[in-house]
Structure formats: structure tokens, C-alpha cells
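The first chain written gets the first letter, and so on, giving A, B and C; residue counts start at 1 in each chain.
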Amino acid sequence: MFKRSDQDSRRPVHIVVDGAAVAAREGDTVSAALLASGRDVRRATAVSGAPRLPYCMMGVCFDCLVTIDGVGNRQGCLVPVAEGMQIEIQKGKREIGR
Amino acid sequence: MNGTPKRDNYDVVVIGAGPAGLAAAATVAEAGLSTLLLDENAGAGGQVWRAITSTPVTERDRLGADYWAGANLVEAVRSSGAEIIQRATVWSLDRNLEVGVSVGGASSFVKARRAILATGALERPFPIPGWTLPGVMTAGAAQTMLKSSGLVPDGRTVIAGQGPLLWLLAAQILRLGGRIDRILDTTERRNYFAALPHAFAFATSPYFAKGLALMREVRAKVPVVTGVSELAAAGDGQLATVTYKAGSRRETIPAELLLLHQGVVPNVNLAMAAAIEHRWDDVQLCWSPVLDHDGNTSVDGIAIAGDGAGIGGAESAIVRGRIAARAAVEALAPASAAKLAPMATYRASLAKAERGRAFLDTLFRPARQFRIPSGDTIVCRCEEVTAKDILDAVAIGATGPNQLKAYRRSGMGPCQGRLCGLTVTELMAQARGKTPQEIGYYRLRAPVKPITLAELAAVPKTESDVQAVVRG
Amino acid sequence: MSKEYDVAVVGGGLLGSAIAWGLGRLGKKVVVLDEGDIAKRASRANFALVWVQSKGLGMPAYTGWTMRASESWSKLAAELKDQTGLDVALQQNGGFHLTLGEDEFEQRAQLVTRMHNQVGAADYKMEMLSASEVRKMLPLIGPEVSGGSFCPLDGHVNSLRTFRAFHTGLKLFGVDYLPERPVSAIFRSGGEFRLSTPQGEIRAGKVVLSAGNANQSLAPMVGLSAPMGPTRGQIVVTERTMPFLPHPLTTIRQTDEGTVMIGDSKEDQLDDRTLNHSVSAVMADRAQRMFPHLARLNVVRTWSGIRVMPQDGFPIYDQSESAPGAFVTCCHSGVTLASNHAFEIARMVAQGALEPELVGAFSARRFDANHAATGSGYY
């Protein structure tokens, strides 16, 4: 869906998405890194389980909700990636305590 | 740049570090007032100058001169003495000018003598069938990825809608080697005639030459269909096709990515939660705060500048930021106001920056069918409420958005109405034969962005607060 | 407006719509006059409990009335489902009031004892449970929970869906719901009532005042009184989460949609446009001490609402002597009592007289005597 510009010379940042290693770049938000990864990163909504991907990428729509380092329902478009960050694609409602 | 506010109170708290907020913060701080600038993003710049200090797109002509114009202002605010906190989410503001801000998972309250809201704009909802499918995004979303991560579309990509941003985005994608298969222009043909009276002002505005050049650049590389009057996205759990109608021609084309855009509207959530009076704007088709010439709102001490005060674009936002800032300086430290440019100079700049706006507003007034959906089209993305659900609620007596919430939960999800509010107001107005002003809007309250329960629990409390809750 | 109605119900909240629904169900020709989108509406600010425990201290009749409502709620839910297809998610498997620390436990235990010792009150099996007993039923409680009271009759419901079901049902029964018509005056002439609204006069054979705290000013127009003492309450709501709470609490419940509602304060301040964050903070803090897992959930909304509250906390159901056919109804706990309003009060209004054996204790004449009780109409 998206590819990286050949001008992009930023340092790689390694994150883990549902157990798989993904190379992001320094300054990527989690959502940008997920969309750039080429993986199926669709979440399922808490209401009907419908599949969604980020819509606005600016903190408004909450369609980028994702579990980051064990904490559910984070807005992936507002959180920069960090080395070793653990990402889980969220399916349905968040679990309590996560 | 990160971390909690250093003080409990400031002369001026500016919320939002886009063009208006940066200009306002730099101006008040340079005049010697204690200034706190709070911004939700990782870096300053707002949407228009997003990632200006970190973008991987280093060849300047790719993003254009208007983008790089923001660098000076970011530099100015950094050297102004203003305290700047990025990744700060303001979740509460009240008439006592107490600002509730969450940074790194912890909340604190700061008290302002004046607050300047520069919360900018968000893209107008574009509720077509299938707009919730994965693969449908806003044009602004694609531009955000392009600016901050150098990401461009590389599958079958359709851009649909209207407005200056759409052409700028298309040009930027093409310059960076991205793919666009088709542009579907939804501008209504009759708008061209309606906009004619404003054409002279526009032709002599800075928008004119830039706009023409961008359109020429894009049209040379991408097929553009004009007069698009119907639009639908479809696919099984993922966007597969886009269907449109232009004139009498209907066509379905395969697509992996659909980028939608039909203008931007003020981001009113924080201002409304602060009980600032808003009115329906019949030209821009959105809620705008009621303001005086200096940007002052109906709540003493709170001003709004930039697109959050009514859409005017980046140039206008800068000037409106300076005007609100100067007014704050005049109120708090009159002696220092002499250091600043006279108000008359700002007002002249504003008139110049707003030249051509009426033309754009008229030409790019979004068509009714793209603002007011019907049938199974989702209106509230969070709670998955359709247009039909809303009409059913009207049929059993819902008079406005707040009764509707009670019946259907629209606007009760995490986005708090940002992506359904305008649609709900206009849809109910149409169904009830009322004006949007008569229908009204969701009653908004803090937290305007979610905070954790632990964060709320950590807010300082008194014995009388405890007494108000604990009962045998 | 020339149409005549058997009954005009003033107020389209949970109370008014329950009575109107009940009247429509009995085939009466009914009109509901309501305010518009912005109004003080307890119907959309409530906590949605169908609650029995500790109701009626100081007025045994209220205990019985509440138990009757609790027992007939399932019938109401079933009828609404049949008529409208809407499942109001009634759950009545018992509810808790949890305590933090020993002092709160002792205080609650004393209340339970006083309730049990009250002469004439029906027994609803409220009992104190130790922390370990509570933990068997609510495994996720935190270490600070000292125990609590449990009542097997308690439950909760989706009150917003109930509200919608009533209004959907009103339409199906042919009841006219007329919003944006606040009533400014009521006259009785020629054997009927004339109600003035900004959009014309409505005429009806009977009138039922169900306008919440506004009853205080409406009731005297028909020779009745409704002394009210409203308070403000705040509620905090989280995002949707997987089901974790099998029973509702007085202050925490998980809705069928998955959100967690955390209540609630009792404040003298009556401006429902403002919020007191430090009061919300107390509620949030107590909630996370009761269930530490809640701490990381996101709060998506908070609100304040104005309780409809008669001065002594108990319901007022009364009929006018000087203007026969005029009734006043006001109460807190409009969710709990909805079944009584839909079935019993509607029946009595249709018949033209309240039944003293059921609701005689709730006449506003009790306020005439100086010894009016103040009790626990509210839990």
C-alpha cells in the first residue's frame, strides 16, 4: 500500500509486531511503521469486530488503536516507535489489565 | 521538550504548535510573558508543517516552499523563552483557565492568566459507502505519512474529493515517486459559477498561481475525472474497488488505497468543552467559535487563533496567532506591547492573507450528497451507527445530537464526535427541516481526549471531594 | 391543536415515557410533552441500576414498592423486547456495595442491621460478606476491599436502550410524543386540562406531571405540591473492555456494550455543564482500589447530571383533590421503578385514582406534617 521514499536515510528501529521482527525508521509513528511493514495490520473494532486500518493519522479518528508494550487501545499514530517495542494488533475489545 | 510543566501557573498557555500556536507563543514569550506551549505531536509544526524538524524528505522542492516556511517560526519559538512540551495531551480546560494536561501518562493542572487555543483543523468527514474499509484514508493521513516518514502510495491508488490540499498532496506523492491511478474531482460544476464574483480577489491572491501550477503538474501525469457526483468504496474486509458517477457515466475501478478529502473544518472539541460559544457557519458548513477582532471567545481570558477559529489557512493562522498574542500582551503587560508590531500592521497582513478565501470557500463547498449520507452508510465510525439508524431515532422523537446519543450512542466512542458530529447535525437538520444552528451539537465535556483511570485518580482531591462520593 | 387526549404526560424522560407507554399499552390516547435536545435529563445521566438493597430506611413502604418493581422488571423487559425487538440487557443476579477499609465495612454493616430491624419492611436478603467471600464472586477485587453488602435481588439494565425502547414503543402504541414543548401553564376548565406550550395549547382529560425537578413549579398549577431537593452527580465512563465484572456494584458497573461506568458523587452544585475533576478523581481512585485492573483503562467520557430527588429522598405519587384527574409523579431511581410506572402507576392513572394500599405512603401530604422523615430513598 505504501513504500518508503529513496530519500529516507533515517536510522532503522527494530520493533516486534505480533511476534515478528519489523524494521521501522527513527521518527516513524507506530501506525506509519505498521502500514509500511506490508503486513496485515488490520485491527477489529470493539463494537462489531469489523476490520479497520488507520484513517486520519493525526490523532482524531481512533482507528489506529493498537496494543503497545502490553497496553491496549493506544493511538498508534501518536506514538513514535522505539527499539524493541512490542506491538500487538488488537482484535475486538481491549482486555482488562492490558 | 518532554516532561511535565515546570510551573503551576503561566501568563499565557498556548495549546497547539501549528502556525497559529507557534506565532502566538513566540510573540508572547518575546514580550517577556511566561509562556507554555503544549502540543500533542512528537514535533512542532502542526499538520501543515508536520515533522518539519525531522522529515526524511530532505530535497526541499519535493514538499514545496510553503512547507519549509515553517522552519523559521519553529526556530523563533525555540529561542523565545517559551516552555515547549511535545506529546502533551490537553484533556481539560475550564472557565477558570485551569488546563488539564497529560504528559507521558501523568496528568497535571496548570493555571493560565490567558489561554490561546490553536487546535487547528481536522478533515471534514467524508461519509460515503465503505469509508470505514481498510484502505480508505484521508488525504491528510497520506500527507502525514509522506512528510513524517517519507511514505508514498505504491499500489493502485485513487484520490477523491476536492480542495487545495488534494492537489498539493497529489503533487507531493508524484514528486516522491508514488503512484496515483486516478483523481476523482467532486467539485460541483455550479460552484464555479457561484465562485465567479470572488474570482478577481482570488486571481490576485497568492493561492492563484500556486494552485494553477500544482494542478498543471498533476494533470500532466494522472487522469483526472471531474464532475464526480457519486462515490462508493467496496471490498470484503479490505478496499477492492471504487465506484463513481460523473455526468451519466458510472465506472467501477480496482483500488487498494482510496484517499478522501473535502476540505478541513475547525477542531472544536476543546473549545466546546470549555463552554465557548460556537455558531454554525453557513459558508464553511461547520461550527466556528464566536470571536471578537482579537480572537477573544465568550469565555473571559480564552482566545482562539488559527483554523480552529474558522478556516483561513496557514498564512492567516500565523497572523491570527500574533493578533491573539498581542491582545494577551496588551492585557497582561501593556508596557511590553510597545515592543510588538502595531495591531494595525497585523490586521493589514490578515486582510492580505485572507484574500481569496471566499473564492475557495465557495468553489470548494462540498456537495450535499457527500456531507449527508443515507441508508446503511456509517455516520459514527466509533459506534458504527448508520444514517438510517439516525433517521430512525429522529422518527421516535430525537430532536438533536444529544437525544440521539441517548438513543443510538453516536458520538459516545473514543473520537467523541470528531468524525460524526457535523454529519449528525446536518443529517438531523435535513430530516427535521431545521437549520444546523437550531439542531445544535453534542454537548462536549472533559476529557476531550482519553486519559487513563489511574491518571484521573491521581488528580489532587480534598476531604470535601471524598465526602461527595463516599456514602454508607 | 384541536386533538383531544385521554391523558397528557408532561415530561418525556424515563418516568414520563414509562407511564405513557403503560397508558398506551392500555389503549389510552396519550400525548407526551417534552423539552428539546438540551435539557436537564436524568434519563440520560443515570447509573442504570435496578437496585433494591438499602432502599427504604425510614419508610418501609418504599422497600416494598422497590421490591415489587424489581420483581416485575423482567416482565417489562420481555414486553419491550416483544414489541420493539430491543433487548434492554436486564441482569438481576445480585449486586454489591463494596467497602474499602474497616471503617467503611463497619458503617455498612450497621446500615444492614438497621434495615433488617426496621419494622414492616419486606426482607430482601441483604447481607454482609467478608472480603474472601466477595472474592469468590468477584475474583478481581483488590487488597483494600474489606468486604461489602450483597443483595441477590439487585441488578442493572441498559437504561439508554430502555429509554429508546419506551420511545419506540410509544410510537407503536400511537402515543404522540411532542418534543420542544415545555409546559408553561396548566388550567382546568370544562372537565379537561389545557396545557400551554410555545407551540400551542394541548387539551386532555387527565394530566400526569413527570417533569422531574420541574414538577416543583408545575404541581401547584393543579393544586398539588412536589417539594424537591435536587443534587448533582458525576459519572466517569471508560472505553469498552472485555467482560470482567459479573455483578453490578453501587458505584461500578460494566455495561453490556463493555464500557465501565463509575459513579457517582452527590454535590450541592446544580450546574450540569461543569465538572469537578477532583470529585471524579475520588471516584476513579476508589474504583481502581476496588479493581486494580481498571487503572490502565482509558476514560472516554465524564458527565454531571442533576438528580431528580424529592426532598426526603422517597417518591412522590399524588393526585389532586381540587383538580381531579391531575397526578404528580416524581422520584429518584426512575430506572429501578420503571416497571412499576409502566404497569402500576399507568393502570391507576387510567382508572382515575391512585391505590392507597400500594402508593398511599408516597403522597406529598407527608411533607405537611413536621415529622417528615429523611431517609434512604437513595442508597
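Observations on the model:
FYI, a contact is a pair of C-beta atoms (placed from the backbone, for glycine too) under 8 Å apart; a residue touches a chain by one contact, two chains touch by 3 or more.
Treat the numbers as computed from the prediction; the structure is a model and nothing was measured.
Between A-B and A-C, more C-beta contact pairs join the chains of A-B.
Once CA atoms are averaged chain by chain and compared with the all-protein CA average, the nearest chain turns out to be B. For the pair chain B and chain C, the distance between mean C-alpha positions equals 40 Å.
Between chain A and chain B, the centres computed from C-alpha atoms are 23 Å apart.
Measuring from the averaged C-alpha position of chain A to that of chain C gives a distance of 43 Å.
Residue positions of chain C touching 2 or more other chains: 239, 257, 294, 296-298. Along chain B, residues 413-414, 450 each make contact with two or more other chains. Each of residues 47, 73 in chain A touches at least two other chains.
Put simply, chain A touches chain C in their complex at residues 46-47, 71-73, 92-98. By the touch criterion given at the top, residues 40-42, 47, 51, 54, 56-59, 62, 87, 122-123, 132-138, 140-142, 144-146, 148-155, 176-178, 237-238, 256-257, 267, 381-384, 413-415, 418-419, 449-450 of chain B touch chain A in their complex. Only residues 140, 239-242, 244, 257-258, 293-294, 296-298 of chain C touch chain A when the two sit together in their complex.
For chain C in complex with chain B, the touching residues are 12, 34, 36-38, 41, 43-44, 104, 107-108, 110-111, 160, 163-164, 167-168, 170-171, 177, 179-180, 236, 238-239, 257, 262, 264-267, 273-288, 294-303, 379.
If you check the complex, the residues on chain B that touch chain C are 92, 94, 100, 109, 275, 393, 395-403, 405-409, 412-414, 416, 439-440, 443, 445-447, 450-454, 456-462, 465-466, 468-472.
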